[in-house]
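Mind looking over this structure? Questions follow.
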Amino acid sequence: MTALFYFFAFVMLAGGLGVVLTRSPVTSAFSMVVSFLGLAALFIMLHAYLIGTLQILVYAGAIMVLFLFIIMLLDLKAEEDRKISLFTVIGGALLVSVFASQIIKVVKALPAAAEAMPELSASASEDVKNTGLLMFTDYVFPLQIIGVLLLVATVGVIVLSKKELK
Amino acid sequence: MMEQLPWLILLLPLVSAATILFVARRVPNISALLSTGSALVTFVMSILFLGFGDDAVVPAYPWLWLGGTLEKGLVLEIGLQIDQLSRGMMFVVTTVGFLVHVFSLGYMRTDDGKARYFAGLSLFMFSMTGIVLANNFAMMFVFWELVGLSSYLLIGHWFQKDSAADAAKKAFITNRVGDFGFLIGILLVWAISQTVNFDRMETFFAGNPEVGSGLLAFAVICVFCGAVGKSAQLPLHVWLPDAMEGPTPVSALIHAATMVAAGVYMLARVAFLVEASELAAHVIAWVGGITALVAALMALQQDDIKRVLAYSTLSQLGYMVMAVGLLAAEAAMFHLFTHAFFKALLFLGSGSVIYACHHEQDIWKMGGLRKKMPLTFITFSIATLSLMALPWVTAGFYSKEAILAAAWHESAPLFVIAGFTAMLTAFYMTRLVLVTFFGKARTEHAAHAKESPPVMTLPLILLAIPSVIAGLPFFYERVQATAPEHHGEGSMLVLAASVITLIAGAGISFWLYKGASEDPLRIKLLARKFYIDEIYQGIIRVFQDGVATLLSIFDRYIIDGLIAQLPAYATASIGSILRRLQVGNLQGYAFLFALGVILLIWITLFNT
Amino acid sequence: MSFNLVEIIVFLPIVAALAILVGSPARITAFIAAGANLVLALFATLQYANVTESSGASYYLISHRVFLTHVTESGPISFLSLSFGLDGISLTLVLLTVLVTLAAVWVSPPESKIRSHQRLYYLSSLLISGGALGAFCSLDLFFFFAFHELALIPTFLMIGIHGHGKQRVRTAWKITIYLGVGSMILLAGLTALVMALGGTTLHFEAMQAYAEGLSPETQRWIFLTLMIGFGILVSLFPFHTWAPAAYAEAPAPTAMLHSGVLKKFGLYGLIRVAMPMLPEGAAYWQDLLLVLLLGNILIIGLVTIAQKRFDTLLGNSSVMHMGYIFLGIASANTIGFEGAVLLMFAHGVSIALLFALCDRLRTQAGTLEMSKLGGLAKSAPAFALLFGMAAFASIGLPGFANFTGEVSVFFGSFLKMLEEPETGIQALQIAAMLAIWGVVISAVYMLRAFRAMFKGPAQEGLALTNPTIFERLPILLLVAALLTVGFYPESLMQFLRPTIETLPAIAKISF
Amino acid sequence: MLTLGHYLIASGLLFSVGFIGVLLRRNVIIIFMCLELMLSAANLSLVAFSRYNQTAGLPDYNGDVLVFFIITVAAAEVAVGLAIIVALFRSRQITDVTAMNSMKN
Amino acid sequence: MPAYYLEVIVVVLGLTLLLVEAFVPLGDRRSLAWLAALGIGVVLCLSFLVSTPEQAEETGRFSALYATDGLALFYKRIALLTTLLVLLMSADYRKILHQYTDPERPQSQAGLGEFFTLPVFACAGLMWMASATDLISIFVSLEAVTMTFYVLVAFMRRNVGSLEAGVKYLILGALSTGFLVYGITWLYGITGQTELSAISEVLKEGAVSKTAALFAFALILVALGFKVGAVPFQFWIPDVYQGAPTPITAFLSVGSKAAGFVVLLRVSEPFIASELISSNVITILTVVAGATLVYGNLAAIPQNNFKRLLAFSSISHAGFLLMALASTPAGGAISQFSISPVSAISFYLAAYLFMTLLAFLVMTLVRTQRGGESIDSFRGLAKTSPFLALTLLIAMMSLAGVPLTAGFIGKFYVFLLAVNQHHYWLVALGVVGAAAGFYYYLKVVRAMYWEAPEDTSAPAIEVSMPTKIALILLIVAVFIFGLDPAPLML
């Protein structure tokens, strides 16, 4: 299990780094897919089957396609002349490494973080049902809001993208 | 009713002044008569006063009471003190005042600002009466300031003349310097004795002879500062000669007879204070003595007829102040009394001369007036002799002798100074008379001079009488003037001194100036009055105007810069620097965002 | 809803300002409002005279409209309320305000002669007046502060639009920002005070009741803040640099109202709030205050001497005279306070008078450069007479109210020495002695100015006209006020004395 | 042994990787991708916590619901965001964030 | 009537407007805006008929997700009122809008419908935020609002500024969303709860990792700080405010900030109440408040663009609001002082609504009819349009905190609270800031009153009747609540 974790975590982070480091937007997009696959595997290792699936379907499937589509549409080339200054790189890396170290410190300070994941006493395979039930009972209110959110997003995308307004 | 009468003598001139100011201004002749009329009434009333006993009580009115009820708290009253001192002084003030009013009717007949002039005179009469009758320091200070104002107005009567305008300003400001000390003195005396009322103060000091010696000396010297300013003692004497820019009757009344004597009067009023502090008494005596001497020296070389008289006045005031300091306030008051008459006479006489010579004041441009203006000459000579203290026949002799006697008793150096001053007095007065009235007329104006009209000569004659007899008991006792009791019993030495100095001074002067057409002595130091005016000018320019300009720059640039502009500039600069953070591109914002996140987390988590 | 008299007095100018805003004819409306307010204030004075004779109540004509209530263990207390009331001190200042307001409206030029924003010209005067009245009558700390600030914006606009001189923009900015900073510091101090007193009420009387238990440490810091805050508003040295230029360049009514009336707010605040509630803080900082007020009197006095223009001279002299009032406050006893309030009245009237006359001079002579003027008394003797009276009033000649105030202040500063002879001369007395030198200084600059402008030979082509009767009336009104108080101080003292007697935490006379 | 910490650190690292991408990259679309990475990283922590905070032997599904909502929102955000980016590209032909600086005072 | 009806009605109103826009031929699409405004106005009236929590019989999960307390209702009304005024502004803004959406056809009304409809949905989102008391509903409603604003900011798609602002808002907004999510994750992770009340219980017991709890708080503060414009997450504000269509700027600056604050209030409450961590929380809030005060006020000084100026002003007011928040008594202590930070902040925000929208209403008119947003465009306004100049003068006075205006009372409360908690440094910074405020707010006044108009022949600015009424009502509100704040106190 541990080995698997390290493998998938490596895939995930490597994919992430790929997004950041590669020049070509297309490569970045594909790296992201790789990263998300690793992530989905980790979800599944955590018995979150629904989330894992959604991660693949929504992110790797829909969102990435959208990204690729736009990249193609805009005909984006690799950033030929990367003029990112050394200062920026070092500064950015420094900032983020400090941030990462802060996260690690916090995790280290969390007693629960050192404990092994407790075993599940019941089967987690019905998580679709459980999540769904929760969503349509307790969380029906946020769900409605999400509905409005999506409506707004739809209207917004149309307004912004119409070639000519009627 | 009689109790309230004293209020009338105080308020009548005020009413007169106000009426002229607000109603009668446009009719100058009415104004003049109004003012003169009020002066006459007050003169009559002051004679009525003489019949008052010492126990005459005039109800006082509270003017301002502070810090509590009438019983508990500081009450500043308007109250009148009618004792011998004030009655005698009132007689002098109203007599000279009335005569000067009459004289002015002639002297100012054609003046444009006649109404203004008489309003000023009335205002002066009001203020001076207030000083004389005041029963407390606060009231005295109020009227002290008001005489300053009327003096300012009258000196600056011909305000379009630069010299007159400057002299008026100088007089007021110099007096204010004295008042600075005076006010502090009043406050200190109040703080020591818990009262500003003279009677209660006297009672207090009689009951507490040991009270705060050092502080008291300081307080008394501060009070004396007021007299230094008003009576033009060294070092604040500089305003009085300049004050001669005013019309001559004003010089006679205010700057010779009455107002300048107010300082001496005030010191006499609080003589118990001087007595309570030996140190202060010494200071006062020496200031007076030095003033007497220095002023006499300055008078030696003056060419302006009025200025000679002005320095003479200074010198005589010095005598009086010295006497106060020598704890002989009665002698001082006595000299004040006699001096008022003969000095007023001298000024009015000089006014008559000036009037006759078409406002020429330089004695070297006169000469030979003896024949053309006999009345003026005679009266002027009487007054001169009185000033020179011709033994036994003049008023001045008696009073001056009293002072010399006091000096002889108390302090040998001061006696020497006083004697020498007497000689100088004889010298410069002889010079004045010789150059003005004898010899030949040296200018056209002098040659065609005529005797002044009766309205002007009459006051001269009237004043000549007391100039002679005021020193005699039958007169001064009748008008209740204050005089030393042991008068006439001075030692032979004192008498000899006065005779010798008189003869020496007059003789040398006669020998030098007999028939001279120009001054044989040319002592520039004296002619320029020891350069004191120039020194003061310099001091004012450097220490007042210079410092003022420096401070003004300091205020404008340093204070404003430090307190206002620097913070404003700093704030704006920080604003501009902060604005630079708003780099405008997204990557920059992302960096700053990241920095913010890290700082925020760091402060939240690890900074406790 | 019924209004009491004080509320009417406070809101009348503001309502009139609103009326002008919506189209009522400016000059007439302002005139009526100012005149009516004077009548109302005199009426209130009469009522007060009756009240003080019958009872020892500290305030009268009290109105109380509670806005916020605070529930404490001992029951509800009104936290924020629109409360007005008069006592001797506020009555004096109300009289000052209405007098100066009427004069300011009177000397304002008719609409046809104002370049632009004619309504604003009158509206501002009324707003400043209303703000000052509100501040002086308010019994609630919040409205006390708030009403004062009402005047800030009109001042800003007036100097900016109608100011004289090329520097007006700079000057208007400066006064506004400076006073803004001052009021903010003041606000900080006042909030600290409110909180130190438990934060349950903003009503003066209720706050006073809590003030007993404040620790000296707290008192010190709060008093210092208040002293600086109020000090800036009153142009306490060295926070005075906003004042001279602003007054020199402000249009006449604004200068009159601001320097004459509004500036008294800070002093009123010290008397009403800081001194009674923080006596130990006041005692602790007394020496500092003395040094600063000597800065006002001596340094700014000398700076005044150096002025070449009459308007900046007046501006500086106004700063200088604040020193005396501070001296009265610093002595912290009844006499000093009485003197301070008298002097507030006297200075307010006399400086307003001088600014009104100065404006006329500027309009007619075209300049206030003293070296370019001279001999004006020849062509306009009546004007010169009025001017001279104002000038002599301001340098403290007896007979004018200023002298009364100054003398009281000086007596007040020596009171402690009298009551405790063993202490000898203390800092307060030394400061007072030095302050008295200011009497000389003010004589120097005022007489120099008067001599330069009105005396001496007349300048070529320079002639003034005497004011007409109608133009003289506002001037005479102010002169009359000065003379009344100067000759008969009891006219104000009868109201002041009982109030200041009952003012807590200042020394009472005991001999 | 796999602990909660493993997942949290993995998630934290991914979050940081996304963050560094936002800081360093200039192409707005790549930046947008990195933002998605960050959201997903948060999701990983969330799921790990929900697995850890058990109720009745099952993961706490409240966390999962939240993840669901996050994914939805992220998707909508991508749609709207890309629309804006396209609109900007249409009018100015840029995707470089450093070029977006027309507004400076 | 239960409170959640209000949002339902608003959403239905939005849907109706979309349908009307699509299917009903309208002569002047501005009537759509007025219709929307009318609808919102009706809802605003209805909000006063909402039954109080005691009368409602809500139980179970929903009541934990959706608060119907006075606080929620207060912010719902703020949202409604803001939207109402923004809609009025939008109607006036039509001219500029189509210039940048459809420049070829000047008479076109394209896109207007959406421009008037989206704010209605945003309004619903803001109202939900006001009631959100659960991490999930907070997140969802917040995102609903944010999403709408992404669209609205970038609405003028032919205007580079608007699009650029859109992109900046989008990227930084998404970044902050990332931190929000991550923070929520941690908070949920260590407490095992999503309801704030339950979280509060857990934190009070103190059986959690202090570091982790603080970390969660810091992350959430990053996100909410971004929403309310707290330093150091304020950088988007000037650029976005400047680029966005003016009515949307107003909406952002009032609606979004108010909703951000109500969420911040609700989220920080458990942390401040917990003795374990409250002191750290107060510290960071103090630091952020101080930095915001300094930045907002000082950086505003050199600004010459009025919209940017208002952006910095918005930051500075956030500083004052945070100052009040930082003055909450720590560790659940009871303050002696009767005005709570919550009611002070609420009053302040309401006052801020009046004065800011007053300024924006005038600015919209000036922008559309004089064609500029720089301070110079306001020159001589007092001569050409005295009413508008006066209105703006009053708005600036209130923003600067001149007493007897509502803006002053807000500041006064804040100072009282800060002194009460002995935050003297904050008070000092507040003093400096408020004083600087005098300077930069009066810059506009100076332009209007002291300076001559650029073009004297320009016609006076027309003010439509609804706008005029709105202006007058707002002025009245500024003064009424400046005199007597009681009606607006929670």
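Just so it is clear, A, B, C, D and E label the chains in written order, and each chain counts residues from 1 on its own.
Note that a contact is a pair of C-beta atoms (placed from the backbone, for glycine too) under 8 Å apart; a residue touches a chain by one contact, two chains touch by 3 or more.
No experiment lies behind these values; they were computed from the predicted model shown.
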Shared interface partners, meaning chains that touch chain B and chain E: A, C, D
Contact-graph distance - origin chain B, target chain C: 1
Longest centre-to-centre distance from chain D, chain (CA-based): B
Centroid comparison with chain C (C-alpha atoms), farthest chain: A
Chain occupying the most central position, where position means C-alpha average: C
Highest C-beta pair count, chain pair: A-D
Whole-Å separation of chain centres (CA-atom averages), chain C against chain D: 64
Length of the line joining the C-alpha centres of chain D and chain E, rounded to whole Å: 26
Computed distance of Cα centres, chain C from chain A, in Å: 69
Distance from the mean Cα position of chain D to that of chain B, given in whole angstrom: 95
Where chain C touches two or more other chains at once, by residue number: 177
Chain D: positions in contact with at least two other chains: 15, 18-19, 22-23, 26, 28, 31-32, 43, 48, 50, 52, 62, 65, 69, 73, 76-77, 80, 84-85, 87, 97, 100, 102-103, 105
In chain E, residues with contacts to at least two other chains: 136, 139-140, 143, 147, 150-151, 154, 157, 167-168, 171, 175, 186, 211, 215, 238-239, 302-303, 432
Touching pairs among all chains present in the structure: A-B, A-D, A-E, B-C, B-D, B-E, C-E, D-E
Of all residues in chain A, those that touch chain D in their complex: 1-2, 5, 9, 12-13, 16-17, 19-20, 25, 28-29, 32, 35-36, 39, 42-43, 46-48, 50-51, 54-55, 58-59, 62-63, 66-67, 70-71, 73-74, 76, 79, 84, 88-89, 92-93, 95-97, 99-100, 103-104, 107-108, 110, 112-118, 120-122, 124, 127, 130-131, 134-135, 139, 142, 146, 149-150, 153, 156-157, 160-161
Of all residues in chain C, those that touch chain E in their complex: 21, 67-68, 70-71, 79-80, 82, 116-117, 120, 142, 145-150, 152-153, 156-157, 160-161, 169, 172-173, 176-177, 180-181, 184-185, 187-188, 191-192, 194-195, 198-200
Touching residues (chain side chain E, partner chain B) in the complex: 167-168, 171-172, 175, 179, 211, 214-215, 217-219, 221-222, 225, 231-233, 235-236, 238-239, 279-281, 283-284, 287-288, 294-295, 298-303, 432, 436
In the complex with chain E, residue positions of chain B that touch it: 571-572, 574-576, 578-579, 581-582, 584, 586, 588-590, 592-593, 595-597, 599-601, 603-605, 607-608
Parts of chain C lying in touch with chain B, wherever the complex brings them together: 174, 177-178, 238-239, 241-242, 299-300, 302-307, 333-335, 338-339, 375, 377-378, 385, 392, 397-399, 403-404, 407-408, 410-415, 417-418, 421, 424-425, 429, 432-433, 436-437, 439-440, 443-444, 447-448, 451, 454-458, 489-490, 493, 497, 501, 508-511
